[in-house]
Amino acid sequence: MKYIIAIIKPFKLEQVREALGALGIQGITVTEVKGHGRQRGHTEFYRGAEYAVSFVPKVKIEVAVESSLADRAIEAIQVAAQTGQIGDGKIFMLPLELAVRVRTGETGTAAL
Amino acid sequence: MKYIIAIIKPFKLEQVREALGALGIQGITVTEVKGHGRQRGHTEFYRGAEYAVSFVPKVKIEVAVESSLADRAIEAIQVAAQTGQIGDGKIFMLPLELAVRVRTGETGTAAL
Amino acid sequence: MKYIIAIIKPFKLEQVREALGALGIQGITVTEVKGHGRQRGHTEFYRGAEYAVSFVPKVKIEVAVESSLADRAIEAIQVAAQTGQIGDGKIFMLPLELAVRVRTGETGTAAL
Amino acid sequence: MGLGFTALLATALLPAQSAWAAASINKGDTAWMLVATALVVFMTVPGLALFYGGLVRSKNILSVLMQVFVTFSLLAILWTVYGYSLAFTNGNGFIGSLDKMFMNGVTTSSMAATFSKETYIPEYVYMAFQLTFAAITPALIVGAFAERMKFSAVLLFMTIWFTFSYLPMAHMVWWWAGPDCYTLAAETAKACVGDAAATDFLAKLAAAADDTAKATVLTDYGTAVSAANGWLFNKGALDFAGGSVVHINAGVAGLVCAIMLGKRVGLGKEAMAPHNLTTTAIGTGMLLLGWFGFNAGSNLEANGLTALVLVNSILGAAAATLAWSLGEWFTRGHASFLGAASGMVAGLVAITPACGWVGPMSAIVIGLLAGFVCLGAVVWLKAKIGYDDALDVFGVHGVGGILGALLTGIFVNPNWTGGWAGSGVTDYAAFDTSSKILEYSFSAQMISQIYGVVTAIVLSAVVSVIALLICKVTVGLRVEEQAEREGLDLSSHGERAYS
Amino acid sequence: MGLGFTALLATALLPAQSAWAAASINKGDTAWMLVATALVVFMTVPGLALFYGGLVRSKNILSVLMQVFVTFSLLAILWTVYGYSLAFTNGNGFIGSLDKMFMNGVTTSSMAATFSKETYIPEYVYMAFQLTFAAITPALIVGAFAERMKFSAVLLFMTIWFTFSYLPMAHMVWWWAGPDCYTLAAETAKACVGDAAATDFLAKLAAAADDTAKATVLTDYGTAVSAANGWLFNKGALDFAGGSVVHINAGVAGLVCAIMLGKRVGLGKEAMAPHNLTTTAIGTGMLLLGWFGFNAGSNLEANGLTALVLVNSILGAAAATLAWSLGEWFTRGHASFLGAASGMVAGLVAITPACGWVGPMSAIVIGLLAGFVCLGAVVWLKAKIGYDDALDVFGVHGVGGILGALLTGIFVNPNWTGGWAGSGVTDYAAFDTSSKILEYSFSAQMISQIYGVVTAIVLSAVVSVIALLICKVTVGLRVEEQAEREGLDLSSHGERAYS
Amino acid sequence: MGLGFTALLATALLPAQSAWAAASINKGDTAWMLVATALVVFMTVPGLALFYGGLVRSKNILSVLMQVFVTFSLLAILWTVYGYSLAFTNGNGFIGSLDKMFMNGVTTSSMAATFSKETYIPEYVYMAFQLTFAAITPALIVGAFAERMKFSAVLLFMTIWFTFSYLPMAHMVWWWAGPDCYTLAAETAKACVGDAAATDFLAKLAAAADDTAKATVLTDYGTAVSAANGWLFNKGALDFAGGSVVHINAGVAGLVCAIMLGKRVGLGKEAMAPHNLTTTAIGTGMLLLGWFGFNAGSNLEANGLTALVLVNSILGAAAATLAWSLGEWFTRGHASFLGAASGMVAGLVAITPACGWVGPMSAIVIGLLAGFVCLGAVVWLKAKIGYDDALDVFGVHGVGGILGALLTGIFVNPNWTGGWAGSGVTDYAAFDTSSKILEYSFSAQMISQIYGVVTAIVLSAVVSVIALLICKVTVGLRVEEQAEREGLDLSSHGERAYS
C-alpha cells in the first residue's frame, strides 16, 4: 500500500476529492497548512510595521491506497489540482506498511 | 522504527493518549484535520444557500515508536479509539528511517 | 528521496526556514500542531473548572529532499531549532518513493 | 406622621395609573427612560447572549445565541399580549388582572407614576422598560442548561416559567398605587380608593380634631390604598432594581434546571474551556452598559438619585472585579480575566437591589463582598453539591442576588453619615405632597428582606420543577447524546458559527 | 376644518427653519436626539459593518469593514458640505438649494422644527441625526456587491448614488415647512409664505364671514405653504423613519449592483458559508440598538409617541425573529441563528416606515409578515432570478421596505381600537395651535404609499445603473479573479484580519 | 466690560459647588449627562480593551483585557475615595483638598455648576462623568507596554501615575469657581469669596461712580474668585474635553513606558501582526460611540453647543479616517482597514480639545491634519526613534493630542464666518447674569495652549519615570522572557482566550 501526501491550492480541494471519488477512493484526510516554495508570499502592513509573509495557505491531502491504485490516484490528483500557475503544489508517495480500520480492526487494503 | 499515523474521533484523543502512556509512549503529536470517508457529512443552510459539507472533524495523531512497540501501540490506539460507530478512523504505519532529538542531537530510539 | 518531518517550537520556524534556505531548500510545508512529550503542559482555571492541558503548541515542518541532502537538512534543522530546553522537538526521516510537481507533472528530484 | 405602615416603603418599579390635574411629564425623564430601555434591550441582545456564548464550546455558541435571541423575542410578544397586564394592574396581592391585555387602554398619552409625587412618565415607556426586564430574566436561565437542552423545550419552559414565576414575582414586589395615591386630597383619592371611600376619608380628615386624629385617618387611608398593592411590596421588602424578581428568581430556576437536566456529556473528562473569552469580554462590557439602564432606569426619573444609582452601579461592579481577582490571586496564584469579568457581573447583581438605597461607600463594600462570596459559590459550593450549572447562573445570580437583598437591608440605614449614609425608606403618606423618611429598624428591615428572598426561592423552584416535568413529558428535555457530542449548532440549528 | 390636503400628512423627518417667538427648545428633546444620533452612528460603525463582516469569508472581512467605515466617513463629509443643504432647504419638490452649503447659516442657536407646534430642536442635532441616515443608507448597499468590487469603484459609486438618489429621495419625502407654518398667524405666516402673501391671507381670514369661508382661506394658505414641500410629502406618502428613503432605496441599488457586477467567483461550487456568525450576532444587536435611535429618533421629540415607536420597533423585530425561525423550522426542520438574526433585521426594516403610525398589535403583525415574506424572498425569489446579492440587501431591505410601506397604509387606520389603533394622519392646518386627525381612506392612502414605493424603485434603479456604468468606464468595477480568490483583504487592503 | 483676565476663559469640565436660589437643574441636562457617563464607561470597558486586544497576538489578548478592566475598576474606587476630592475642590492652583474624601458632603441633592449661569447638574452625575475620565486615561497607557509588563507592576504604576499626574492635571486645567461666581451679586458672592470679602466688593460696587470704576471692581472681584482656580485654567489654556489632561498626559506616559520597559522579545524578527482586526473594529466603533459621550458630555448640558460638539466629533473622526486611508494609499498603494480605524481614533483625539470651540468646517480640517500627522508619527517617527510603543499610544494620543491642542488655539477664532466660525472665549464677569465673548488674540491664545501642552508633557514624563523606577525596585517591571514567549494570558493569568 502507498501513503500519498498532496499539497494543493485550497480552492482545488473539492475538485480533487471528486477526482479521487471517481476512482473509487473515498477516504481522505485533509489538513490546512502553510507552504513555502517558488510561489512568493506577500507583504503586509500594520500601521508602522511591515511583515514579509513567506507562507501561502495550502491544503494537505493524505490518502492511503493500495499500491495498484497509486499511480492512477496520483495522476487524478495532479490533473484535478492543476491550474498551471506557480504554487500548484506537490504530490508525494510514501510506502505504507500497515493500515487498520479502528471500528472493526480490519487490516490491509480492506481497511482503506 | 515505525511512524504511526492515526485518524480518530476528536473526543477520543484523551483516551488514546492515556492508552499510549500506559505503554510508556509519551511523545505524540496531534493535528486537527478534516476527514472524508464512509461517515457522511451533513448539510448546512445559510439563508438561501445550502452547503453539503463532506468533511467531518477528526484528530490526527503521529507517534514514532521503536519497531518492537509498534504492534502494541497500534492495538492500544485501536482499542481506545473505538466506539464501534462508522467514522472511528484509521491507523497507518510507515517505516521510519531516522529520528533525532533536537535538544540533544540523540538519534534512533534514544530520540523517541 | 527522503521525507523529513520536524516538530519544533513555533518561534523557531523562521530560523529553521532560513537555515534550510541556506542549503538551497526552498520548498517546505508547515502545520500548526500540538505536542505531548517530556515538556509538561500547564493547568488552566476557568471559574470553578480546572483543566490540565497536556499539549503544548508546536509547529510541524515537512520537507521532501533528495537523499543526498537529507543529512545536511536534518542537521540544519537541528541546529536552527535548538534552544537546549526541554520541548525542542524531534526530526523524523521517512523514505520517499515519488514526488510530483502538480503544475508541470515533473517527477523525482526535479519536482522538489 | 410617623405612620408605621411599611407597606408604603417604596420598592422599585411601579405602575401605570390614570392621570390627574397636577400630574406632569418631564421630557428629560422620558428621554432618560427611552435610553434606559434601549440599553436593557442591548444588555440582553446581544450582551447576555455574547457573555454566555463565549463561555461554551465553539460547537454550541449558536445554540446559546439562538436561545437568548428567541427567548427575548418570544417574551417581548407575551409581555405585550398579557404579561404587562398581569404584572401591572390591580388584581390581588399576587397577580394582576387581564384589563390591559393586548395593550388595551394604553395610549401615547396614558401615564405611569414614578416615585415622586406629581411626576409621571408616558405609560408606553414604562411598559417598554418593564418589557426588557421580563425578557432578560428568563434569558438569564439559559446559562444553566446550556449545551444540552432541546430548543423546543427551552421555548416551552420559558413560556411557563415566565407566566407563573416571573409575572407573580413582579406583581408582588413592584405593583403599588403610586405616590400620589398616598396624598389624601380630593383630586387623587377618588382614583385610588373609589368615589365613596374617598369622600368618606376626606370628611373624616376634615373632622379630625388634632394631629393624632389626622394621623389615624391617614393611616386608615393608606391601608385602603395599599390593599391592592403587591404582597411583598406591602411587606416592605426592598428591591430597587430586581434582586429578587430578576436575579434570585432566575438563579434558582437555573439551579433547578441544572439538577434536573443532569450533567453535560463528557463533563470532568473532556476539556470544556470557554471557546472565546474575547466574546465574553464583549458581552461583559455590554452587560455593564445595559445594567446602567437597568439600575438607574429603575428610578424612572433623571435626577440626583438616578446619578447616585449610576455611581453605585459602577462602584459595585468595580469593587467586585477587584475582589474576585484578588480572591483568585490569593487562592490560585493568578488573577484571571474570566474571574475579573465574572466579578464584574457578580458585583452588578449584588448592587441591583441596593443601588437606590445605599451610599457609594456602602456600594463598594457590597461589591467587595459579592466578589468574594460568588467566587466561593462558583468554586467550592458548586463542586461540593455537584450540579452542572454550566455558566454559573445560580452561583452568580442566585447567590449574588440573595447576598445583595440582605445587604440592602443593612446599608439602607439612614443613620450613617457621609458616603455611607443610606437613603432610608420614604413614607409617602401625607395630606399635602410632602413625604418623609421612616425610622429605620434593622430587624424589621431584615425580616422584610428575608420575606422577599424566600418567596422568590420557593416560587421559582416550584414553578421550575413543574415546567421541566411538563417539558419532559411533552417535547423531551435533552438532545440525543450523539447530537450533544456533535454540538447543538449543527444538530439543532443546522449551521456552524465559524468557517 | 376637514381640509382635504393630504399634503399635510406628516411624513417623518423634517427641516430646519428660522425661529419665532413662541418656538421653544426642550432640553429633554435635545438630550434624546443627541442620544438617538449617537446610536445611529453606532448602528453603522461598527454595527452594520460587523453584521455584514461576519457573513463573508474570512479573507474578505476587512474589505467589508473598510467599505462601511470609509463610506460612512466620506458621506459624513459630503453631507456637511452640500448634502444637508440639498436635502433640507427650500428648492423645488425634488431637490433643495445650496443655501446652507458648508453649514452656512447653521449656528448653535438655529432651530429645526419637530412635528409638534411650537416645539423645536437645535438645528445641529437635526443635521447630525440626518447625517447618520445619509451615511448608513449607502453603506447598506455594501452587502450586495461584497467580496468582489474594487474599492475605488465603491467610493465613486457611493458619491454618485448619494448625490443623485439619496438626496432627492430625502428631499421629496421629508422636506416640509414644519407644523407652525400651517398655523395662519401673524408671527409665523411671514416666515412661511413671505410678507406680502402673509398679510394678504391674514386679511382674507379676518374678512371671512363664516366657518366655510375661513376653511377656504386656510386651505389656500396651506397650499401656499406646501408649495415648497417635497413632492412625495405632498402626495401624502407615509414613511415615518425611512422605509422608502433608506431601505427600498438601498435595496434596489443593491439588486442593480448584484446583477451588474455578476456572481462571485466560485459561487455554487465552493462553500461560501459565513466565516463568523458570532460577529454577525454582535452586529445584529448593535443594529437593533441603533435602530431604536433611528426609529424613535425620527419623532424628533421625547414623548409618549416616541415611546410607542420604541415599543413598535421592539415588537416588529421580535415578531419577525419568531416568524423567520418558524418558517425555517417548518420548511427545513431547523431554526437557524442566522435565520433569527435575519428575521430581526427584516422586522426592523418593515416596521421602519410604520413605527409612528401604528398600534403595538399591528407592529406584531407587520413583524410576522416581514419574517415570512423576507425569508421567501431570500430563499426562493433569489434562487429563481439568480442574482448574487451576496448578503441579501434586496431580499431584506428592498422587499422588507416595500412590504412595510404598503402595510403602513393599512395599519395607520385610526378607526381600529385598543392595541390595534393606528394614529391616522395629522392635519396641522388651523388658525390657532391646535391640530386634528384627518379622515382615513384606504384606497387614497394606498395610492400614496405606492407613489412612494415606485418613485424610490425607479429613481434608485436608474441612478445605480448610471453610476455603475461610470465606475466601469473609469476605475473598473471588479477586482481581478486572482485577487478575488486571494481575498480582498490582502489584495485590496494589504492585510489579514486574523493571525 | 472688556475685562482682560483670560483666567475666566472657560476651559472644559468644571466643579461642584454649593447651590443658591436661582440655581436650577434641568432634567434634560441630567438625562444627557447620565447617558454621556454611561457611554464613556462603555468606551473603556470594553471599547478600549477590545481596540487594544485585537492588536496584540492571540497569546496576550486576555492580559490586555485584564489590564484595562482592572485598571478601570481600581481607578473608579480610588476616584471615589480621594481622587474626586483632590481634583475638584478648592486647594491651590495645582491640587485640591481632601474635603470630599469618601464622598463626604456629596448628596443626591448637591449640585455642580455647568458653563451656563444659573444652570446646574446633580453633583453625583458630574462626579461619575469625571470618574470615567479618570479611569480611561490611565487605561490608555496599557497600549504602550502591552505584551510584556508584569500585572502587579501595572497596578502599582497606575495608582502612582493617577495620583501624581492625572489628578494635578485635572485640577490645573479644569477646576474653577463656575460661572455664577463671576456674577457679583449678593446671593453668589459670599459662597465664592467668603462673607467679608463679598460684603466689601458689593459695597465698592455700589460706591463706584462710573462704568470704569465698576469695571475695576469687577476685575478685582474676578481676580479674587479666580484665586482658587486651576493654574492652567487661569492661564487660559483651552481644552474642551481633555486633549492635555487625557491624551497628551497618557501619550507621554506611554512613550516613557515604552522606552523604559524596552522592546518586546522577538520584535523585528517574528511577525507580530494583530491577531484579530475584527475585534479592533468592534473596539473602534465603541470608542467612537463613547467619544460622543466624552466630548459632547463635556459641555455638561444638552443644548445647541452640545449638538455642535457631536457634529464636530463625527467630522473629526470621519476626516481623519479618510486622511489616514489616503495617506496609506499614496505611500503604500493600499488603504488598510487598520489604517482607517487608526485614523478614526486619531481624529477623535485631535478634535477632543477643540470640539466645543470650533466650527464644523474647521473640525474637518483638524481631522484631515490629524490623519496625516499621526500616520507620519506612527510610521516614520517611531521607526526613527526606535521605541517599542506596542499599540502606538504616543503616536496617536500624544501626537494627536498636541496637534489638537495647538489647532484649537487657531480655530477658536470667532472672527471667521459660516461653518468656519470659532466660538471665541466666554467672559463671564458681570453684575448681572449676562456674559460675552472676549476679543481673540492669536499669539496670546497660542501661548496659553503651549503652556497646557508643555505642562502635561513635563509632569507626565517625570511622574512616569519615577513610578516606573518604584515598580522596578519593588515588584519588577517585566515578566520573564520565557513567560513573554508563552504569552501573558497563560503565564500571568492562567488561561487562554481561544479553545
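By letter and in written order, the chains are A, B, C, D, E and F; residue numbering begins at 1 in each of them.
In this text, a contact is a pair of C-beta atoms (placed from the backbone, for glycine too) under 8 Å apart; a residue touches a chain by one contact, two chains touch by 3 or more.
What you see is a predicted model, and the numbers here were worked out from it, not measured in a lab.
Listed here as common contacts of chain B and chain E: A, D. Comparing the contact residues of chain B and chain C by number shows a mostly separate set, under half of all numbers used being common to the two copies.
By count of C-beta pairs in contact, A-B exceeds the other of the chain pairs A-F and A-B.
Chain D has its Cα centroid 57 Å from the Cα centroid of chain A.
One inter-chain figure worth recording: chain E and chain F are separated by 36 Å, centre to centre, where each centre is the mean of the chain's CA atoms. Inter-chain centre distance (chain C to chain F, centres taken as mean C-alpha positions): 51 Å. Multi-chain contact residues of chain B (touching two or more other chains) are listed as 31, 44-46, 94-95.
Shown for chain E are the residues that touch two or more other chains, namely 26-29, 31-32, 35, 39, 271, 273-274, 276, 282, 286, 332, 334, 336, 338, 494-496.
Screening every pair of chains for touch gives A-B, A-C, A-E, A-F, B-C, B-D, B-E, C-D, C-F, D-E, D-F, E-F.
For chain F in complex with chain A, the touching residues are 271-274, 328, 332, 334, 336, 338-339, 342, 378-379, 382-383, 392, 395.
Considering their complex, residues 26-29, 31-32, 35, 39, 57-58, 271, 273-278, 281-282, 284-286, 288-289, 292-293, 296, 301-308, 310-311, 314-315, 317-319, 321-322, 325, 332-338, 340-341, 344, 359-361, 364, 418-420, 423 of chain F touch chain E.
Against chain B, in their complex, chain D makes its touches with residues 266, 269-270, 485, 490, 494-496. Contacts from chain C toward chain A in the complex involve residues 3, 17, 26-31, 62, 64, 94-103, 105, 111-112.
Considering their complex, residues 25-35, 37-39, 41-42, 45-47, 49-50, 53, 61-63, 65-66, 69-70, 72-74, 76-77, 80, 102-110, 122-125, 127-128, 131, 151, 276, 279, 282, 286, 489, 492-499 of chain D touch chain E.
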